[in-house]
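Okay, got some structures for you below.
Both of the next two complexes hold chain A, though its partner changes from chain B to chain C.
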Partner chain A sequence: MKLIETKHLIAWAAFLLVLALMPMFVSNGTLRIFIFANFLAVFAISWDVLSGRTGYISFGHPFLIGIGVYATAIMSKRFGVPVEYSIPLAVLVTMLGSVLVFLPALRVKGSYFALVTLAFMELAYQLVQVIRPDLTGGTRGIFGIKTITRGAENGYYMSMCLMFGIAFVSWLVMRTQLGTALSALGMQEESVEGSGKSTTKLKLAAFLMSAFIAGLGGAFYAHYVGAIAPRTLFDINFLFTIIVAVLIGGSGTIIGPIIGAFFLTFLLEFLRPYLPGAGRYFIYGGIALLLYMYQPKGIYSIVDKLIKRWRGGAV
Partner chain B sequence: MTQIIIQGMLLSGLYALIAIGFTLIFSVGRVLNLAYGAYLMIGGYVYFYISQQLGLPKGVGLVMAAGVGCLAGLLKYRFIAKPLKGNHVAIEISTLILAIVIQSGIILMFGESTKILHSLVPGIIRLEGVTAPWSNILATGLSWVLIVAVFLFVRHTHTGRAMLAVSQDPKGAAICGINAEWINMVTWGISGLLGGVAGVFFASYTQLSPFMWVGPLIVTVAIVVVGGIGSILGTLVVAHIIGFLEIIVVSYIAPELRGIFTMLLIILFLIFRPRGLFGREELT
Partner chain C sequence: MKPVLQVKNLVKRFGALTATNDISFDLHEGESLALIGPNGAGKTTIFSQIMGELRQSEGSIHLYDEEISHLKPAARIKRQVSRTYQVPRPFAELTVLENIRIGHMPNSIWSMLTQQPDLDYERELANKVGLAEADHQRTPAELSMGDLRKLEMARTMATDPKVMLLDEVFAGLTTAEVAQISDLILQMRADGMTFLVVSHDLPALKPLVDTAIAINQGQEIARGSFNQVLADPAVLSSYLGEV
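Up next is the complex of A and B:
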């Protein structure tokens, strides 16, 4: 089987070229929106690898991302660890942290799993403020974390590379037997077990991979914005944005979460002149809810159908 | 010591009050309604609008809060729970989205700032050197009355028993001539009503803010998880465990650690004893 069709390869190359030339045409403000969309896409992919595929809905994803963010921030700010080491270490710490969330997944499913992860997120929020505030910065968070990029243009390239790198690797992994098995896990766990695969190992793989992406995204994010605060991180609104990005884009795919993240970030910016405050989430959430209720497979499936129809094939 | 007992009783009463509606929908409707916290918020804001912005009597505010809460429950059933029938994960996610929509709707209408709610019954009382607001004492009493009422309703009325039947075996219930649709609607309506009423008391205990729904949601989740699905009296017991635990932590350890044991309880119970203290044996 060919890895990718030549036709698609050319399309992708052209698309990437457009993205690479983007900073020449648009303002720095627009580039910053792209950067946030990229980070959101990374977090959305991370959520999708775990929840979109295996059906174990994680309501505690900010917990994983937060571990990565705090680990690298504390290492580089408080102990002066160079970024080259602190980011990989932060990813490792996040993966260790995911094992903690993995334990309940062995016992409970469905709503109960979602609740346990939600509890993890709130627990992290409260603990971070009281345990060693000299390290975590308590309620105020950490400021002045070393940034790795200067200016919007660099940030744009960095985040684009990060996002497409992660997307590409995830895409490769999901094409393997592992990816198929994970999707099967989401459909019917008993059958996967019946086919002789260890569901425990599969779940662990999904958790570790999701945590790897979350930690990497979180660590880079910390070194991009340079300041973190517990309330913006371990927040149900942040969780909402991640989940909605995946669902709107289309869960169980790689491209879906990316579409969703870009759609939502740009929608939010588009609404800014009309509704400056948090009121924007009213429309944003409303669209998300309607789309989710009536097209649970997201924009990806709508586009997919349109393309098929356009080609004249039977839908 | 007396202080801890009084404060513990009052907080537990409040927690029991906010948990009843959630228990009902979770144990009977079998649905994890993440927008439950938003009922509380709706109740609080409706009361605020009627009694403080329009200046109508407080009783009207309370009744309206209950009414709007009930309406919210019914609408949520009609437009979310019913179309997504049986798909629990989808209901959870859509109620989460809905909660955020309600939160931002409230920000649009009332602004982001916190508001102080004048409580239903003003004034405080001194008991053994402890000051306790009358409103909290009322909430505690009300919570007991409501829990007993809900318990009796579920056990001894036709509609209540039909609710149990639908939760245990929808097909069997249908064969017995129970209209599951109607029963579900009643359940969602009552749950919303209880949430609206509880919201008035909760908001006068804390403050009115568009972000006030997350905290009580987590507390109710803890109460229901630890108490066990399908156990109404378990709700009452665990509300007291959690309420007292919080007060003890605040008085003896550190106020910042207040919620930590609640989270730990959720996590530990879901890992080691998912059926809770009094729940039926089941894992879904």
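Up next is the complex of A and C:
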């Protein structure tokens, strides 16, 4: 048994091909929806690498994404740092910021950890408004951030490459022994320690990986939309959209958060003409609830079972 | 010959309750020592203190002359002492081979990323404890209690210990499985492994150990050869319920 089999690589190549050919078949309006789906998939993968694997449920993920967004926005807009430097630096700053979130994970678990991380998000929301508003833009945020693409097609390819690259590399990492150890950590932390592995090191690795993805996604997002505001970033709805995308798609996998992000983004857009405003969220809340009650492992698990059943029938 | 493991005057208090009261023993290389006593005697608490899962209130633990009392469990396992648990704690969604991998994989994050798992070693270990080839890709939910114990043994062996602490290693096993695990322990003893064993299955334990210590309510009540300890009046009255 090989850890990376040819069939896996063929599946990834087919996925890339479908994504690359997408602009030939859909309108610019639909491409714009895909762009947001791609970014949501990146944030969902980032959350899943930490919480889906290790079981440390983070309610503070917008805090990490926000660090990436604000760091690159401040560097490029206020100090004229070129984007090719501001983005990697923003990722680095996000990884440093993740150490702050990591510290409570050394002492608290479960709902206590989730609440501590939620406090980080609220703290960030309050602080960016009062500390150096000349840099952060205060309550109004920052406008006129340099954008790196123009037009729906370019934006799509940029976000698609980012999402695909992150998904593929994360998948490769999760196929290694580190991926197995992180999954084990989420199942039985005591047994991982009882097997002689440092759970502190493993948790730190998960936090840093998650922060890397969140920072990278956040920084690119800032340079795609060109404007940021604290209330849209450090927001409970944004947090729940990320978490629900993972849960609907299937946590503990790489493809699950992507499926969930696409499903959720398109569902909300599909419902927009019929249920404008917050009413749409009742529908997606209902779907998430039903899925969680009857198939807690998400859409990925349903598709996986159907494929296995079909293969079983075909043999 | 210097002892491999030395437990000196171990005391563990939980509030007003003294779970381990002044327990001391030495374990030499290749030796096998049984800890026996009724439920709640403090046997597992001693294991937990040796492994660093519980910090002792008083006393010290030495491994190869080095005091390990202050070390975390992972650091103790690195020094080649490892344990199994009374209730197996497998990784529910990992396969048998992946469960074993957790014990065998390196501790460094970089090595975890760059080194391929040693599938041959994992298979060899699974076969050695008696897990059939067909079980290798199964998850723990698909295994019997006997197979779960074997998996627990295999994961512990994968950490490359020189001293193994076996906690109720025969609980829930069929006669055939007890014989299989006993053979494995005897084979490992012949290869030089040092054992500290807790079990209520005294007939199964007898051929595996050189000496025994009986404890009750955290205190040592008898020590000597297995037969001597079982014949001790204090043991008979406290452990076996005879007068």
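Keep in mind that, in the parts below, the second predicted complex is superposed on the first by the 298 of 315 C-alpha atoms of A that agree within 3 Å, B and C clash if a C-alpha of one lies under 4 Å from a C-alpha of the other, contacts with A are read in each partner's own complex, and residues count from 1 in each chain.
Assume contacts are C-beta pairs under 8 Å (C-beta built on N, C-alpha and C of every residue); 3 or more make two chains touch, one makes a residue touch a chain.
Everything numeric in this text was worked out from a predicted model, so none of it was measured.
A.B. asks: State whether A:V108 touches chain B only (first), chain C only (second), both chains, or neither.
C.D. replies: Once the two structures are laid over each other on A, A:V108 reaches chain B alone.
A.B. asks: Between chain B (first) and chain C (second), which, if any, makes contact with A:D304: first, second, both or neither?
C.D. replies: A:D304: touches no partner chain.
A.B. asks: Going by the contact rule set out at the top, does A:E153 touch chain B (first), chain C (second), both, or neither?
C.D. replies: Touch partners of A:E153: none, neither chain B nor chain C.
A.B. asks: Between chain B (first) and chain C (second), which does A:T176 come into contact with in this model arrangement: first, second, both, or neither?
C.D. replies: second
A.B. asks: In the superposed arrangement, does A:F240 touch chain B (first), chain C (second), both or neither?
C.D. replies: Touch status of A:F240: first partner only.
A.B. asks: Name the contact category of A:V192: first (chain B only), second (chain C only), both, or neither.
C.D. replies: second
A.B. asks: Shared contact residues on chain A, chain B side and chain C side combined as an intersection?
C.D. replies: Overlap of chain B and chain C footprints on chain A: empty.
A.B. asks: What residues on chain A touch chain B, complex-wise?
C.D. replies: 55, 57, 59, 103-104, 107-116, 118-120, 122-123, 126-127, 129-130, 236-237, 239-240, 243-244, 247, 275, 277-282, 284-286, 288-289, 292-293, 296
A.B. asks: So in the complex, which bits of chain A are touching chain C?
C.D. replies: My answer: residues 1, 3, 173, 176-178, 180-181, 183-184, 187-188, 190-199, 201-202, 205, 252.
A.B. asks: What does chain C use to touch chain A in their complex?
C.D. replies: 51, 53, 72-74, 77-78, 82-83, 85, 89-94, 98, 101-103, 105-107, 109, 111-117, 119, 155, 158-159
A.B. asks: For the complex, give me every residue of chain B touching chain A.
C.D. replies: 32, 79-80, 83-84, 88-90, 92-94, 96-98, 100-101, 103-105, 107-108, 112, 210, 214, 218, 221-222, 225, 254, 256-260, 263-264, 266-267, 270-272, 274, 283-284
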